[in-house]
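One chain, chain A, appears in both complexes that follow, with chain B as partner in the first and chain C in the second.
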Partner chain A sequence: MALNLEDYFLPASLQEASTLLQRYGDGAMVVAGGTFVHGLEVRGLLTETVALVDISRLGLRGISESGNGGVSLQALTTLAEVGAAPLISRNPAFGSIGDALQYPPRQILNVGTVGGCVAAAAPLYDLPAAFLALDGQVQASLAARQRAIPLNDFFVGLFESALQRGEIITAIELPAPAARSASAFLKLETNANDLSILNVAVRLTLDKDGKCADSRVILGGGVGETYVRATSAEAALRGQTAGEASFAAAAAAVVDDFEAVEDHRASAAYRRHIAQVYVRRTLGTALARLG
Partner chain B sequence: MKTIELLINGATHEVSIEADETLLQVLRNRLDLTGTKKGCDSGGCGCCSVQVDGKVVYSCMMYAAGAAGKAITTIEGLGSGGTALDPLQQAFIEAGAVQCGYCTCGMIMNASELLATTKNPSEDQIRHAIAGNLCRCTGYTKIVDAIKLAATRTAG
Partner chain C sequence: MSLIGKSPERPDAFDKVTGGKAFPVNVKVPGMLHAKLLRSPYPHARILSIDTSAAEKLAGVKAVLVPSEVPKRKFTPVYFVPANAGSMVQDMLIMSDTVRFAGQPVAAVAATSLRIAEQAIELIEVEYEELPTVFDPEEAMQPGAPQLHDHATNNVAVNPVMGFGDLDKGFAEADHIFEGVYSSHRVHTCYMEPRVCIVDCDRQGNFTVHSSTQHLFGLREKLAFALEIPESKVRVIKSPYIGGGFGGKLDMGYIEPIAALLSRKTGRPVRIEQTRHEDFITTARHPIKVYLKTGVKKDGTFTARHAKSILDTGAHATHGAEVINVHGVFGLLMTYRCPNSKWEGYTVYTNNMIGGGYRGYGSPQACFAAESQIDEICEQLQLDPIEFRRKNAWHAGEPHPMVQGLTLDSYAFDECLQSGAERFGWSKRKKADSGKGTKKRGMGFACQPLWVSGCIGFPDIYEHSGAIIKLNPDGTADLATATMDIGSGQITTLCQIAAAEIGLPMEAVHMVQNSDTTTVPVDAPTHASRATYSSGNAVQAAARTVRERLLMVAGIMLDISPDQLSVVDGKILVKGAPKRSLSVAEVVTRAESPFVQHGANGPAPTTLEEKGTIIGVSSLAPKANPSPVSVEFVEVEVDTETGVVQVLRVVYAHDLGKLIHRNGAEGQVEGGFQQGMGYALMENLQFDPVSGSCLAADFLDYKMPTAVEMPRDIQSIFIESNEPSGPFGAKSLSEPCITVPAPAIANAIYNAIGVRIRELPITPEKILAALGKL
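Our next item is the complex of A and B:
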């Protein structure tokens, strides 16, 4: 369906991949697992793409501890591999990641990649919301240059990221979570294989008195062109005792943080309602994970 | 057109393809392996499911050029030597899990990965595992029964 496709490249090095991307410019598209690219193709959005650059043979696969308790997820690690990694599943701070991976079918988990779901820059994707709640950052490579981009600065618009031409994501890095941190994620979808109508990812960090020392409340799905950090909801939690009252206050505040999309899948009013319900529930789940 | 080598069901196939052909298109249209079905063609229904390096994938979402060199298994490759039925195929017949049959091959390719990784899966695990496969006849109860039956026969 990408009628003008001229070639499918399988570069053997990052350098070669970057060179191809620079040579073809807007006519090139990176393929990692390929599900996002295919999704664009079947919607007729790849008519200007003449070259696909498949980076799946470059290694870049695996999950490791990055020194101080943080975790580094190499870009081509599949979603299934993330879900199976004890470094992720045993740490309640990373609970939102495990939650987000409950939704996609096996066929997507087996091929979709960590770097691909971030590079897509589509707020409809689940896992990046969890990464945002964990203050993740992107490692990107262009020729000999390697740089870190905080995820907060990465998503510029719909399908638009801070990556420069030829630049390729090599890893997603999650900093060491503070003590007494837990996170959770919820997705509203219509069936088992759906893009999100609304997503909520939260991270809660408590002080020794059980008060909210720090939090992140991230919204995805039909909330605009990029993910939204719900700063009013976070402000409502700050310094408060973690529990029903502060969670209800955060839920009430979240409607100030985003412009809900109105479309055939859900009204804006329904999305606003669900955002409140899901903020309350995810915070409750995160708190329960702190036991 | 370019020529690639695909390793399917243990045999190497040299095949000339267009750059944008999916694995599903090559399997069905160039290699006549029509057990793999074309359904939604957009990664939503699962009837094109095959295994690549032992992992179930949507063949409609995978570019054939990217599948070169990987071990691809289709429904034709299940069972011993392509003659005896796989326990899952036998169980689907015995449990009456086939209505129109269009989703069956994808269901079996999916369940085959589940049984390879999980001995005696619970009903929840089975239903969760096949969430990416739609049965348009809505015959899920007998499909789940069939997977359970195959699981009990292969667990020992």
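Our next item is the complex of A and C:
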């Protein structure tokens, strides 16, 4: 499948980038770290693209506290910078982010961006699962307009997001975690260069009696077109004492929450099995992080 | 001798880490065109018509090639055998109007840019008549299965049967009989540099070829044969090195003859570079299913062995006709002593991709079967698996079991077993499945008791090597040989052998960068673990001539008999008179200087005898192909909830005769382990079961171990048994390193969790299924 790329732009402002994106419509593609491009190209998914709009000159880099304990990650922050930020690494509530960043290869960590991994809308990626478990939201900008999109509504289909034509992600925002919250993440992969066969991100928020006040159980990888929020598993935890018994119940419930993919990488039965094991293990890790 | 066994810096290292400008993929030729192949989406079809008119009209398209235009002579693309070798099957055309696997080229376009060529092939209209398909070799052998080639009844391309003794008697004498079916899958060598070539045809029809190949002379011969032209019309340029081969570049691809024909049509050089996806469907290790039946006495002595091996060769026989024999003879029939043995091999056509060479060449599949089954026997009969192997093994000094007239002069199997077991701590192994908790550890080992350092004794296989070494007036040496460095360090070891033999420092020997088939002696490919041994012998022979001539000239200069002289580190030393020493540079300068020279007493003649370049040339086949032997111990940890296996540590013991380059040798062991572990646990070239098309586009789909999955602790023990026929006592190393990991890992997994997986790769899913958890 022939590539039809004609143009490459390095806009200096969001305004300019938006204009270019609107001008080329479906023929344009944003490039941040650019790590997604090769995979699309070899699978013949880039044939419609005629222009690359490289946003790496737009600044949009850095991590800051966004009032009362929330965190804002600007879109062009690299994955490595996220992993190194004390605001993230010191907070057990954000444990799932650190876990998710254990997996991508060093080269990808150094180049891939927060905005890129979310905008790709590929449920095979890891960090977005962790963001989902933390109720994150996307800040997007189209020319002068800025809007917030909850991640829950962001992933529409495979490679399909709620972004409108020309809209650019400027930041990912994580709300302040409730007290006594911790999160964890696990990914099943064949080697260190793999995308998830299956991944699980969980967040656990305990009340003062050690009961589960709130939780998130997110599944990614071979679970369908988008990430899955495992509501039955969350229901099985609600109000229960956090521990082996409730975690086992959540693990058992998770198989009702998704349609496992059957493909050459793994059978559906194996994915269902791993989902259970990983829900139990991630919940155990999250609980341990609460000390 | 002081250089031998050290680790001098690789002369190619600097160039490679700064971009590798000499890789064939980086070669550019002025005026070159870029070609692209159109490949069939169907695995079995007849081409009814091809319409290229739209493609030809596209601006920038210079030529289109279709099957009706290629020569009609059938060939085998395999390099190391003569084109008409009786043991091979000549069943290929450069392009055919019958398609036998998904991805077979059906047309090609040369254009002024790659992009135009890509656009042009999409404009070619091909009308196919689909034919019934068969992907499973055992189904292909059934009467009534779709037939791929007229010459092959039931799709069997070759069917070697060998044996000795009386099988019935042997099984009757056995106290126990073990039977198992062991199967393996398709894996790719994953050379990093793609298959790539540039072919330039001049107006007299002479072809100059650049290619990422493991064999210059093989490519020359096969290309000339397929094009039906004399070999002297083809000149293959030796690139200083290539980006990996591992056996995956041991045959001419479709790209070289197609580029040649497009170049002849256009009068311009034509370049073709394969994508990773195209590389995946160009070569692979053959899947082989082994039915293995073994009779043993109570004490573990073999009484009878019967093996049947079914090899899936894909659309054409190519390497499959030879791999089956190496697999049977060196993997099953001859590895251990067994008086009554029989082996039957079937190389079977299917509508799968064509298999190729891959390090080990049939032995990994056999070793997995044989060494797994030995573990099963020992487990069931409660025999010590080390003692079991020792009892059934060959010993040094015995006649070579496979090659008549040779002896196992050097053969240190016992030492490998013993030193490996000690270093590893084998005595601490626990009973199978005795661990507690979800993660369980286990230990296992496997052996490759018989292997080669080249191919003497095999029918039809070349075993020549040659070298030219020339000294320069500055005291350095140029070494030219057709032996390709395929990444495994041949430049380094051959320069080291030359330096050590002549008496020069390592840095003084340079590998000549761009020799070609017109300037260096004929050579076999870099394959079959042969380069250090066979090419090393040739280099040593040429170096010996150089040293003799050097000493002769020095003797004249010093007026002393050459036998009173030696060459050490670039200096000619006189026995008992160290002050009289000369440098090599002075001697070479003198040899190349004019006949009459000005001295203190005016002009004076020198001698004629001393005049001329100091040069040594060799072209020879080695006397033997001595057998290396190896043993590998591994410890694994199995997560019994996920089925994921981690290899924790490895001890590898190998009798290589003499260690030439320590780091290089360790690199072979570690690289071999990486490939062997990938074979055991994860690598798998997968195909759509209906369309037959390859599912791997790149390394996202094809999983090989990265540095992260590799065990942190790999120890190499090199046993030096001193092979009398080898350069400085060396024999070979490369292939046993890749053969033993799969059965060693399988045996360790059994020890960890008490279940036996007989089908590669041993994926987490298979483990969970075997544990009854899935």
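The criterion applied here is as follows: the second predicted complex is superposed on the first by the 289 of 291 C-alpha atoms of A that agree within 3 Å, B and C clash if a C-alpha of one lies under 4 Å from a C-alpha of the other, contacts with A are read in each partner's own complex, and residues count from 1 in each chain.
The rule is simple: contacts are C-beta pairs under 8 Å (C-beta built on N, C-alpha and C of every residue); 3 or more make two chains touch, one makes a residue touch a chain.
Just so it is clear, the model here is predicted, and its values are computed rather than measured.
Asks: Quick one: chain B and chain C on chain A, clash or fit?
Replies: Overlaying the two structures gives a clash between chain B and chain C.
Asks: Tell me which partner A:V277 touches in the superposition: chain B (first), chain C (second), both or neither.
Replies: second
Asks: Between chain B (first) and chain C (second), which, if any, makes contact with A:G34: first, second, both or neither?
Replies: A:G34 contacts chain B only, not chain C.
Asks: Of the partners chain B and chain C, which touch A:D7 in the superposed model: first, second, both, neither?
Replies: After superposition on chain A, A:D7 lies in contact with chain B alone.
Asks: Is A:D135 touching anything from chain B or chain C once the two structures are fitted on A? First, second, both or neither.
Replies: neither
Asks: Based on the superposed arrangement, let me know which partner A:H264 touches: chain B (first), chain C (second), both, or neither?
Replies: Once the two structures are laid over each other on A, A:H264 reaches chain C alone.
Asks: Answer with first, second, both or neither: which of chain B and chain C does A:E16 touch in the superposed model?
Replies: Once the two structures are laid over each other on A, A:E16 reaches no partner at all.
Asks: For A:V42, decide between first (touching chain B), second (touching chain C), both and neither.
Replies: A:V42 sits against chain B and chain C alike.
Asks: With the two structures laid over each other on chain A, which partner does A:L188 touch: chain B (first), chain C (second), both, or neither?
Replies: second
Asks: Take the contacts of chain A with chain B and those with chain C, and give the residues found in both.
Replies: 1-3, 38-39, 42, 105, 192-193
Asks: Which chain C residues qualify as touching chain A in the complex?
Replies: 115, 118-119, 122, 275-277, 641-642, 644, 682, 686, 695, 697-701, 703-709, 764-765, 768, 773-774
Asks: Of all residues in chain B, which touch chain A in the complex?
Replies: The touching residues are 2, 18-20, 22, 41-44, 46, 49, 52, 55-58, 60-63, 65-66, 68, 110, 113-114, 129, 131-133.
Asks: Mind listing the chain A positions that touch chain B in their complex?
Replies: 1-3, 5-8, 10, 31, 34-35, 38-39, 41-42, 52, 54, 56, 80, 104-108, 110-111, 192-193
Asks: Note which residues of chain A are touching chain C in the complex, please.
Replies: Listed in rising order, the residues of chain A that touch chain C are 1-3, 38-39, 42-43, 105, 188, 190-195, 264, 266-267, 269-270, 273-274, 277.
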